[in-house]
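Working notes, beginning with the structure itself.
Order of writing sets the labels: A, B and C. Residues in every chain begin at 1.
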Amino acid sequence: MEERAPNQAIKPPTESKDILRWLKENLFNTWYNALFTCLAVGFLYVIFKGILTWVLTEANWNVIPANLQIFLVGAYPREEIWRVWVVIYTLGILTGLSAGIWGGLALRLALVIGGVGGGIGIILAFFPAPLSSRLGLLGGVVLLAASLFLGRGRKGMRLWVLGGWLLSFPWTMVWLHGFGGLPVVFTSNWGGLLLTLILAAVGIVVSFPLGVLLALGRRSTLPAIKWVSTAYIETVRGVPLVTILFMAQIMVPIFLPDFRIDKILRAMLGITLFSAAYMAENVRGGLQAIPKGQHEAAQALGLNYPLTMLLIILPQALRSVIPAIVGQFISLFKDTSLVAVIGLLDLLGIAKTVIANPDWLGLQAEVYLFAAVVYFVFSYSMSYISQKIEEALEVG
Amino acid sequence: MADLENTSEDSIIICEDVHKWFDDFHVLKGVTTAFKRGEKVVICGPSGSGKSTLIRTINRLEVHQRGRIVVDGIELSDDLRNIERIRQEVGMVFQQFNLFPHLTVLQNVTLSPVWVKKVAKSEAESEALALLERVGIEEHAHKFPAQISGGQQQRVAIARALAMQPKIMLFDEPTSALDPEMINEVLDVMRELAASGMTMLVVTHEMGFAREVADRIIFIDEGAIVEEAVPAAFFDNPQHERTQLFISQTLQH
Amino acid sequence: MENNSPQSASDKIPFWRDIRVLRVLFQVSFLIGVILLAGILYTNMLRGLRGLGLTLNLDFLNDEAGFGIAEGIAYEPSDAYLRAFWVGVVNTLRVSVIGIVCATILGLVIGIARLSSNWLVRNIAAIYVECFRNIPLLLQILFWYTAVILQLPSVRESFTFFGGVFINQRGVYLPSPQPTSGVKIWIGCLAVGFIFALALYLVRLRKLRQMEQPGFAAKWALPAFLLVAILGWFLIPGKPFTLELPALKGFNFAGGIYFSPEFAALLIGLVIYTGAFIAEVVRSGIQSVAKGQWEAAKAIGLSEFQTLRLVILPQALRVIAPPLTSQYLNLTKNSSLAVAIGFPDLFNVGNTMMNQTGQSIPIFAMIMMSYLFISLTTSAYMNWYNRRINRIGR
């Protein structure tokens, strides 16, 4: 065997050919990979050439900035839009404070949200977007950063911030609707991305307690409760959301003739009833993962069923299903687009009305692509967040 | 089968012809025995003999289907109030510790005093700290179960059971899931508890502990009591063939 | 030993503390609550229906539908509502089945491509998945329909491929094979070939067993069968099939296989969207098979193809089957988005029926039962299949 002085370590192959080596290893390592690479390059060339030519020369993008406001908030009155900004700022402050107080995961989430907000601001700079909305967005990012700084290390504020999060949802609904001296903005005027987000939030938040009850019901040892819960869950999961949305539109006035429930509330009802069944299955997954010993230990200590569930089982089960619930929120965020079929003006519904506007005829591709990008940005950043949550939970 | 004559006034637990089935499997085939106040009884037997099931029927984690179990004058039945009372009088320690992983050590111990006995939180905490000191882990009070060793977890579990101030403690193979070097720290706590006069029913394979601490040893096989005797008689002069076999196999280890 | 003391003790329990009684009471009151709620809704409904002058029955199903359905099995506007609904059901099944087959193939290809050692292929597949998963399906369907298919050239300027495939804004026209008189002889030929191939298969199987060697038992049978089929095609007098080409007649094409723009848009949307999800299912399924399995298979000298066929896929299939089932069900349920572009699936036809008759309650019940029937039979079949593949070697 060849002897070598210990300090004469073998150097890796020369660095200068790194790119070539990378190419060879990753693109041309076998004859068929070389073939695939050539095909892929050709494919990309055709696609990108087509898309870029269209995007840069043929498409008429004026339709987007001209309708930006209704894309974002629908028919929400122009002079009341500051209320939407207040909501954004509140959520920004809460996110910033949480990030400052808890650090870790919350911090990363805040960075993602801040990044998305800043990113949208930068994108808006390329459009002749109104200065106010760009400044508004900038203000939101600044507020987020400031409250992050403010919240650092202030453990004492934990309960306040948690309470703030709990109240933020009902407060948002009441605030946007208007109360006291604030002019009322009827839900029928809510629209665009605002409506999309609200529908998804309602679908998750309101369906959560329902879903937990259904999941407990399905795992109950009482046959009547078990079968009713199972039948509900399986029926709802077996039919498409569109049927449930239509049913809410048509049947609610028949079943509850004494209440005047407007279209958006009916859609919210449909989405909530739909979402509850899926939420129940997610929660059930978490419940099943709790070892039997936890139930037994709680029983042996004399805890009754409600206390066992509230203090022992649910806190553990819900923690483990957070990623699944975020996943459900993402698909619900996309699924809310179905309300466009029943004539609501969510982001997709607005897109359809813009296309139908005689001023902007023939711009289907532009409008739908814009909507697609908005959906994508939200949906993709949320799945990034959920991935991070999953990683954090696995470690913790 | 042991006669019912020894179910005298000072018996705290009385089992009469207790039967239990898991579907078609007859786990307990008419167990009759009684435990005196302050008595320490070790229950042993091969795996699957029904020894764990027996002590789990005593705080009704398992429901017996025939026979009678009376704990401190309260009969175990479908009466909700009786079950609640018995669970407060009987503490239980499990093989897998079964600590609540989302709560700190201190919260684990104060949980049932606060929520079941409605003791004020500050009072429950000072009592819990005293108990934790008694089992020797007061310095870990604010850690989570996953941050301490198995032996420490089992000691917390004992403290948690004691926090209800039970009259009887049930131990279901408390050292079987522990690494060998941690077994003694748990047995020491149990010895101390035995010395304090607690009524203890212990399912265990620790024959040294049995010989040293037990007032009586019950040997169960195939769902029935085969033999019961004081430790000296049990180990040195077992009457039944199956007992002899069990002892010879166990003591080899 | 069995004295009466246990019974006498439990008899004394007051009912409000007896667990058995409480369980029954709790369930009974729960059921009463459910029934009460249903009853309130039901009486409200009856009141509402009376206000509209409707009664709750199914007689209307035999009335003349009176509306046209653009595509599907044979149907006339003069047919009954029930027939119209059935046309919708068949259309749903048609788009779902074709969609499932295509989405599975696409998902399999993309899923395997995501694990490719080729950097470019791997990343194109990843971008595909991320893009199409994160955009609502309805938006995608509307895009394909209004921004792509309806913007295609008019009938007279159709895209033409191979002289027989025509694509234009009215839809997609494919040549259709028409059986001729020779088809029976050819089918006979196939039968003979099949028997021959079966014999070869059995012979080789026995031989492999005798030699105690593993191998591909159909190695002779498959080529033999193909050979007979091809020889038969060319040797028998007259071709067994002729291709009927779509031909421009007046303002439209006639003949051949026809897919409407609605069908095409729905199918493209469903396949591309579901394909992205199936790709993820396939990828995680293959990745779930431990790396040690590849290494172990290599160590005992299996080739890459053999490893995939004998070791990896059977294990991956177990992981893949359940999520794949739910993707199939999702695709079927998502086909109801047809209503947004006017493809006459069961929901869309049902919706039209509701608008015409006002009988929303029975029609909703029919729609939901149809979807439930499809869902439950599919999941029952897949559960059976799961049990079967899980029983083997576990």
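A few notes on this one:
Criterion: a residue touches a chain if its C-beta (ideal position, glycine included) is under 8 Å from a C-beta of that chain, and two chains touch if they have at least 3 such contacts.
Because the structure is predicted, anything quoted here is derived from the model rather than measured.
Core chain by CA centroid proximity to the global CA centroid: A. Centroid distances built from C-alpha atoms place B farthest away from subunit A.
Across the assembly, the chain pair joined by the most C-beta contact pairs is A-C. With centres taken as mean Cα positions, subunit B sits 50 Å from subunit A.
A separation of 28 Å divides the Cα centre of subunit A from that of subunit C.
The distance from the centre of subunit B to the centre of subunit C, with each centre set as the mean of the Cα atoms, comes to 56 Å.
Under the contact definition stated at the top, not a single residue of subunit A touches 2 or more other chains. On subunit A, the positions that touch subunit C within their shared complex are 26-27, 29-30, 33, 36-37, 40-41, 43-44, 222-225, 228, 234-235, 237-243, 246-247, 250-251, 253-258, 330, 334-335, 337-338, 340-341, 348, 351-352, 355, 364-365, 368-369, 371-372, 375-376, 379-380, 383. Taken together, the subunit B residues at the contact with subunit A in this complex read 59, 61, 84, 87-88, 90-92, 94, 96, 98-102, 111-112, 115-116, 157, 160-161, 164. Those residues of subunit A that touch subunit B in the complex are listed here as 291, 293-294, 296-304, 307, 311-312, 315-316, 319. Those residues of subunit C whose C-beta lies close enough to touch subunit B in the complex are 1-2, 5-6, 9-10, 13, 17-22.
Those residues of subunit B that touch subunit C in the shared complex are 16-17, 30, 32, 66-68, 75, 77-83.
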